[in-house]
Amino acid sequence: MSAIHTLDVSGTAKTPFHRLVRVELRKSYDTRAGFWLLLSIALIVLAAEIIVLAVTTVQDEAIAFGDFIGVAAFLTSFLLPVLGIMVLTTEWSQRSAMVTFSLEPRRPLVIAAKALVGVLLTLATVAIAIGIGAVCTLLYRLIEGHADWTFGWPDMFAFLLTQVLAMLGGFALAALLLNTPAAIVAFFVYKWVLPPLFFAGAALMGWFDSLRPWIDFQSSQEAIWDWSSSGEDWAQLVVSGIVWLVIPLAIGIRRVLRAEVK
Amino acid sequence: MIEVQGLTRTYGTFTAVDNISFSCVPGTVTGFLGPNGAGKTTTMRVMVGLTPASSGKVTIGGHLYKDIPNPGRHVGVLLDASAQHAGRTGREILELGATTMGLPSSRVDEMLELVSLTPTEAKRRLRNYSLGMKQRLGIAHALLGDPSVLILDEPANGLDPAGIRWMRGLLKGYAERGGTVLLSSHLLHEVEQIADEMILIGNGKIVAQGDKKTLLAGAAAKGGGVHSYATALDNAALAAALTAKGITVAGAGDGLRIEAESVEVGRAALEAGVVLTDLRGGEGGLEDLFLELTAETQREAIS
Amino acid sequence: MSATAVAPATIDLSGTQPTPFSRLLRTEFRKTYDTRSGLWLLISIGIVTALVMVIQVSVAIAQDIAVSYNDFLTSTTFSIGFLLPVLGILLLTSEWSQRTAMVSFSLEPRRGHVIAAKMVVGILFAIAAVLVTLALAAVCTGIYGALSDIPADWDFGIKQTSFFLLLQVIGMLTGFAFAALLLNSPAAIVVYFAYSFILPTIFGIGAELIGWFADIHPWIDFNNAQVPLIDGSVSGEEWAQLVVTGIIWLVIPLAVGIWRVLRAEVK
């Protein structure tokens, strides 16, 4: 027994970040709810692509590789934010935050690990969507005898970036609200209720029309798909991104850092 | 009052409760004991219809639980004190129960007072309750409808020593007034003091049941016979006196383990003029019995 | 123990009334507002409804746009039309996520009654929301009439009011039905929004591309079948479509869900 009553921590390394990421990644699929969320994202994309393929071949419609990706992007743009929300909020609703934060008191690292897991899962989703799209285009070629592979690297990049931003949008709302149903409802309000309101507001009021591009994150993301976008378009993307991503995330993280975890 | 008949509950191929039968009589407290995962909670959940039985049935007062109108007035249930909305205040949780049972608000105040939750504490949200406070609230909820049957799963969980003593008195009083109490617990010392009847289960099967005396007598007959423990100022002299009488003695800790009843040891000490500082009967008590009977189903190897 | 205290081993039930439905209703009603999250949901439904209308009336006055009483009600698609289904969902699922079902079902083992009480509470809230909305719309129309050069248009009949009420109740019940089917708040909310925002698009594309699908489309698209209610005139065939699609999207999920709840192990 030593006379000095201090804990000798010199031999213990800090928990490395990659280990936190591994744990968080694992948490995303080791419950029935998480597993089904991931599986249903894949299954929904698959089902939609198969339906699209069936309809276009039966009707002899023309379809390009990029169109398949477009269908996938439409679906994942609302499924991935839900994933981003659940990655964070389940920790609160299931009270596992108590354990997580006692094993790693540097809370921002935990949150960063979760965000990274969200990004990784988004990458995986995008890869799967592109894979399914390629297979569908190939099948289309086999059936119809021709195929249109139009989908360049810029499109690929834009697809990836918009999906990551969508996921992070959900993540930011989740950090702000720390409550699953509230975050999901808020996200759908943002996604479906706000655009028509923005649109109506812009149509009716001149000043709002000029303000809108700077605060409408969804429409400013169109710049990503178009490489000829002007500097102003990119500036609008950044500003609206700060409004919808950075600010909620900052407030949310501040809240998590000082919250009493129960 | 509570009749469990051939109750079995399976989950896939796993049998959590395996064909058990027992009954609890009015005016008694029945202790329900068994190692972790033995099937106690599952049995209690089947009793109140939260888990369907795979086969067999449970009646309370001659009725299936689901056939009892306004069951809160007849059967008090506490299965998991934390299974409540974390955002409700303690008082609100009781108010909701009282409303469902058709009781006046004053009953809520009575219960809060009974379990010693102060009005300020009652205004806090359950999320901010301590473990023992949650438990007290759960007990208050079970008692709300002034039921004649109580089904309590580990009611002493998290209670402080005063709380445990209070609950002991409460349950004894309940039984004395003709109530029926079934409680599960791992605090054997507690159960020993309040339970009139005991049911031991392991791996879903009943391994022993009866009142404490019968169970302990059975164990003694099965085990190494009577013995006692003694400590004297002069252990060697006591050992010599006992050995002279043909009694087997062995060292045990600070004192001796003697293969005889304590009365024999006392007599020998008196005759030998040895001062005893401690003398007790060696029936291992409930703990030994419990460990012995559930030995095959225990998680830890018992030496 | 006193010798006389030995009670009979059966419970005499003759003196106990079954829990009356009105009492379950009271409990369930109370549960909707006694937590912070529940209260905030109700408050935000009110605030959002009022906010949408205030924005609408101020824009209309500022820009000299003609709006009618009817328009104020239509704008509730963005408020109660959106949030009442969420209320319907949380009414049921919070019982599972917070594990209170264990208590609720031990105090009333006739689980069907508990669910029915929750549903009635949901309907009462829908009615209350509609009444508040009608009042707010009237106030806004009045303000508009007083402040705008364009005269206020009060055109709105009993028939339309009842259609409006029916719409809101259907919306709430659809959420409730999905909740019963899934018993999980996030899943039910996501599925509900997918049903109300994504499915119409998919149905629309399908109907455009495939001939036979265009024929059955009106008989399976519940959202679409509700449009005549919004427009205020429903033909016989449209009523039939409303009923058929309602069976598909409301009655069947509700029935399956209730069947599931009745036999579920409550943990």
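Just a few scattered comments:
Labels A, B and C are assigned to the chains in the order they are written; within every chain, residues are numbered from 1.
One rule holds for everything that comes next: a residue touches a chain if its C-beta (ideal position, glycine included) is under 8 Å from a C-beta of that chain, and two chains touch if they have at least 3 such contacts.
Keep in mind that what you see is a predicted model, and the values were worked out from it rather than measured.
Chain centres here are C-alpha means, and the one lying farthest from subunit A is B.
Highest C-beta contact pair count among chain pairs: B-C. A simple rule picks the central chain: find each chain's mean C-alpha point, then take the one closest to the mean of all protein C-alpha atoms, which gives C. The mean-CA centres of subunit B and subunit C are about 47 angstrom from one another, to the nearest whole unit.
Distance from the subunit A centre to the subunit C centre is 29 Å, each centre being the mean of its Cα atoms. Remark: subunit A and subunit B have CA centroids separated by 51 Å (rounded to whole angstrom). Contact of a single residue of subunit B with at least two other chains is seen at positions 86. Multi-chain contact residues of subunit A (touching two or more other chains) are absent. Counting partners per residue, subunit C has 37 as the residues that reach two or more other chains.
Chain contact summary for the complex, subunit C toward subunit B: residues 1-2, 5-11, 13, 16-20, 23-24, 26-27, 30-31, 34-38, 94, 98-100, 102-110, 263, 265-267. Put simply, subunit C touches subunit A in their complex at residues 37, 59, 62-63, 65, 78, 82-83, 86, 89-90, 97, 184-187, 189-190, 193-194, 197-198, 202, 206, 209-210. Considering their complex, residues 33, 48, 51, 55-56, 58-59, 61, 75, 78, 82, 85-86, 93, 179-182, 184-185, 188-189, 192-193, 196-197, 201, 204-205 of subunit A touch subunit C. Every residue of subunit B that touches subunit C in the complex is listed here, in rising order: 1, 25-27, 45, 48-52, 60-63, 65-66, 68-74, 77, 79-80, 82-89, 92, 95-97, 99-102, 125, 141, 148-149, 175-180.
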